[in-house]
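Could you have a look at this structure, given as structure tokens, before my questions?
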């Protein structure tokens, strides 16, 4: 029933921008995108300029597959932007829908890379179409470019300020013209975006600070909610139109999405996850022999749980490092084996033991169910499942694919039922209070819509969306 | 100096459209495009619809390389259009610039394939950009889509009529919406476009009639200059806004571009070329032993020359049938051999003979020069060059790539000088009167701008263009 | 029933070798193979050496597809060999079966490229296997390498002489070790092979002289039947073991296979085909309006017919120059259209005329039947089919794929029946006397086994082969 | 100086075989190879048979890249073998050198997959060449096939027994004929190989037990040193010729190569590594705040160290899970950043702490040096390096690539010097006694040649090898 929404907005992405006079930036963008690969594996692209013309290349595939030495060699320029894209919807998996979007408008060229999701995408599209605009993709990011161009303004900063009045939803943007770089973050700061210094007179923008580290840039600060940062030959300057009381950074960045070595709005992701594990240990003390994790995302919280509880952490399950590649379609008979190909339990660590296994979330429950069964097969005497966040009950409209809401197990069952379904001896979620305690020291506000249904930026105006949430 | 023009308009293309209720048309379009491959080898694309959604696939490459059984299988629909594209400009060789252009506008989807070249492309682009429009390609065909969409009209026919008032230059178009097919020809009928009947209730549109033959369709008639043909569930109907005194079909279609088995505006291409050869025999009788041709394009005229003169035609040069594929960059040393790889003289046919060799045109003169030398090496006693058309002296602004005007040998040298340059014993071009005699019986008017500089549709408004023509 | 034979030996190939001190030969071999492409389009390969190590690259595909600038760049050497391969058998279409075969034996490396087919391939394979040899391919050429190596001799010339005593069937070979080049032709000279001079101190060997022309080499002479030519730092020298009374050059090289601009054993192919056409005109004079050809292979004979008969030659059918590429599998319904995609009749040349159409052979008759029907559809009043050779009635065991013998129409029907089957007004084959007259002036002997069943080198020792010929 | 050796033997591989009447095994082999991917990422291949003909496909690349649904679909059979290959030598990176080797010999077809390295490869090759054999690859595995075929025996088991008398060095083999499967392990049991039961009447052979788990097979036992296991329609039976006092399983399988969830000769890899960590804690107690690992290979030992020492384990470095793909060649300037792209330190876990970091080995020392520097940059107050094995000082001749012996830092420097070179506060290797204690409980003998220079199976007979070891 959510097809329209699912088709258009189910994407989590990563963006990167760099302005480095005297340098060739294509390879730096490549390294930056490589370190943001976890934010999107479906497609990627790079646009660069030497000051007069924006050249770009983009395609479906991973960064290392899409870009070759040869392709990068054709992308000469001292400023540029890049994008990695994720999407679950089949239809949207086309080259057209990859980013950056590069177009020519009244005052020259523009390239844009977007992380986030608009809630008024359809309205904006209709509005622009009524003015005679054409659309070449099915992604909402094209509306942003259209909106900017529609103001017919030579000054991109002014055009962007106007556009922001109309844009609803989440967006962290890197935008470039032939000779300027812009970084824009929505008024709620929902998706992360940070600034770095590169060399003498260069600047970098990236979804996560780990991309700054990757190229040897120094972290400056996060782009502020509602801020437009302009980088050009006069250096960096900032404009801000909005003053919001509420700051709503996506809590899921800390639960699952971001890389542990990144810092977002003053919070280190590894620390946040470790604290979630510690809170969980306070809320759900267990009498078990070892704490293990579902790698890789559950590991940090598991270590936090072990630290707080004093129960030893050990490696009970290995994650196969060759997954994530194209795999053959298994026969029905082989499908049951698939979880074993990705997650390899170690009998030595499990046999005869009472196990606490930490994961970051349960979506549909089928994988957890198989995993619990597998752990028992490998000798675990007891299997207690610990989730380092509250249950995901509500769909995200701001750029994270939480899957089909009808399939979210926590929106249909209570904790006891889920525990029974997955076959664990016990199941504990971190409470809402617990997770906020793990991040509250930052002083930042959070969007927890997927956990409690409080949508700070509203929801799309589709009847079926409203019904579904009632 | 003509770079701007060269970058944007240097393309000759082929278009194809079909409306065939109850049939799956992708394969038929494939066959149609295959038979139009000579009109463009750089890229191709197909768009189809089952009535509700336009699906498409396009890429750089030949028809047989771009489309596989699998790709065609994903293109389901009973109506569709296709395009083959040629371009000499490096920059334009990108997937973005392939056609059909498929976009979404206020009233749904639109797909368009264009053969021709606008002379007011830049003005139209500026006009549309001032309204806030974005452009994703660097081809003028996108302006046509933008212009149609800008009128915001639900009725495509009405929108097209309005657009035609603004469009200047040459265009043969096939356009489709989700459930209708349109064929449009510019008011001068500069590029060919014909209509066919397919099966019980189907219709076909194609640049040349040979594409109708390829799928077993029956020729109905040519689309008339200035005509808009609409094909939908109510059958075929026609609208015409313009009544022009002058009809200006491109003469070069008969000299070189079109396939000999095609008929265009009542003229069979083979017949036209044979008559050009006959006229040439009247204008330039020679005392030679045999008539040979530079294959394939000179062959028909050579046979006409032989028929009229009574001098026997023979095959003196073979054309290697494996050229036209990607070839390695030869070393300087090997470059001299290259003409021999493409054109293989046969000593048996040449040795000791006085030869008349017929070609359709001389562009830069370097190939002709090598060829004359080669024919002498293979034993020809005399080599007389015959060109079945007048000298190409002026650039084409209507969709034919006549190369860099500065390199056109006939714009710099007179016939005697060219003869000396290429090293022939004599050189004869067909006169303007002669070529018109070869096609005049059709009653059709012609554009001969590249031969005499008379541009019936005007020229682009670039200063450098004007200067160059002065 | 001939499956075993068909699987293994059905190939016609082209070979090329060059020894050019101080030169890098990979690109020259590429050009040579390109000009031999008509002898095999299934796969190709190049092996080169700088004096110490043979490096090679081979794959399925056309020369221009298999070799890129990069691949050629990795092939450094002043001597080398190349091969183009054709095979109709599905099973044999694997990379393993491409040539040159490159192997290491007791005295170093050996690379071999073979045109022809052994009649005792199975016996040789068994013999070698009994000695413990392994085979990695299913092509008979591997037996030749095995046989050479089995003699354990350091002197390749001596080893080759010994091998030739055991080899039965046809073979034109180019062989190389790390620093020597060899050219070998079977004692009957069944497949062509010629020698050229390249630059100061270089030599070239090729299946056809057109490959010498392609790189600017000068024709020296043909390799003689039974001759082994050795080319090394001491120049060129020759050994011959056999003295045969009978010389049996494949007549089909002149009928169809070789390129018209090639000379083989003193005969120019174009001249031979023209004389076949002339003989045909003497044997089968017709009262028709024009002579046309089935291009490209029938064209030279058609011109010969026209010369002798005085009836004008014209171009009545065009051959699509984009065929020969991978094509989609047409639906049943479209299959009838396929011949039209390859052969494009020109109404202007056919309408209302009595036509004589010249082809080189009729294999199964289905294509001829469709063609005759097509010519009538395009307005031909009468269609007389002329074949510039006698009927092909017997399978070739010496390297030419004559198709499934059971499907050879001439082995099942007489001329009258064939004429009726293909629907022509009349059908005339050139007589055996006629074809020999067209080539007899060369003083060379010919293998005409496919025409009259006289197998000069015997046939494979399979029961089914014998039965089939009885 | 070790070029000859390096060219030929530097490979570590994985093998897999299955015999499963009534099943199609290609997909099962695919899953098996996928779970052995860590043993070789350079190339892979699968051979299968339906009882009469061995069909195969192999290429350079990872399992998921080489095999598609389509390729697997063409590989029908109820028995088959597979291979994953690793090689560092550039020259050997060719498709020819991938396995299984498939050849035809006197008594039919044979396919072979080999893990290990022969020490008398050159002698065997010369011996076979003197008999007239040809070699198509540069890998020693081809000699094994040649040796088997050279005995001309119909009974493969007998031929294999004879071959084993001549084979010197390490080899775990899976071999198949058209209808039988064989598993062979060298008399020292140097490389692992185990047997499993699959379904009712099926059997599996694999380098590691994790491949049995992957397809749902049950572990039966390890193939014994010197054993030949034959699997055919009569089930499984075993032959053994040799009785060796010494059993010499490669210790490096436990240090680094094998997957932690595998069991080899009665030893669980994870347990062995954990015990190495525990022994290290006893030998080298440290006063530090946390224990971290260089992931993934150092993690298990680090956890063992933490368990024994009571010092908490934490995740201080993340391993990027997208490495291992083709990466662009970084510019000189960027090269310093490369270690950061693969290993991502987490400031939160390191800042202000005294760190013990556990790795499995130091080869050249350059990466360790960069890592120590990086850890300090991320705030580590002290960095103590712990290696869970003794120093690697000697080259391996039995199938493990230990790199250029001249570059092995431990063969040039003592521990103190290495510590200084890498810039650590202290450096501790596990002692030889310690590592043997970690595995001695299995009762198995080990090859520790790379650690102490005691080569149980001798070394290749090259002068340069001997010199290098002196």
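Which chain is which? They are A, B, C and D, in the order written, and residues in each are numbered from 1.
Definition applied: a residue touches a chain if its C-beta (ideal position, glycine included) is under 8 Å from a C-beta of that chain, and two chains touch if they have at least 3 such contacts.
As the structure is a prediction and not an experimental result, all values here were calculated from the model.
> Select the chain at the greatest separation from subunit C, using centres from the mean of Cα atoms.
A
> Averaging only over C-alpha atoms, locate the centres of subunit B and subunit C and give their separation in whole Å.
Computed from C-alpha means, the inter-chain centre distance equals 37 Å.
> Taking the mean of the CA coordinates per chain, how far is subunit C from subunit D in Å?
Once rounded, the distance between the two centres reads 49 Å.
> Report, in whole Å, the distance between the mean C-alpha point of subunit A and the mean C-alpha point of subunit C.
Each chain reduced to its C-alpha mean, subunit A and subunit C end up 61 Å apart.
> Examine which chains touch each other and state the graph shape they make (line, ring, star, complete, other).
Here the contact pattern is a ring, one closed loop where every chain has two partners.
> In their shared complex, at which residues does subunit B touch subunit C?
Touching subunit C: residues 27-28, 30-31, 34-35, 37-38, 62-65, 67-69, 72, 210, 213-216, 259-261, 268, 270-271, 274, 296, 299-300, 303, 306-307, 312-315, 318, 320-322, 324-331, 334, 336-337, 340-341, 344-349 of subunit B.
> Subunit D touches which residues of subunit C in the complex?
For subunit C paired with subunit D, touching residues are 95, 102-106, 110, 126, 128-136, 145-146, 149-152.
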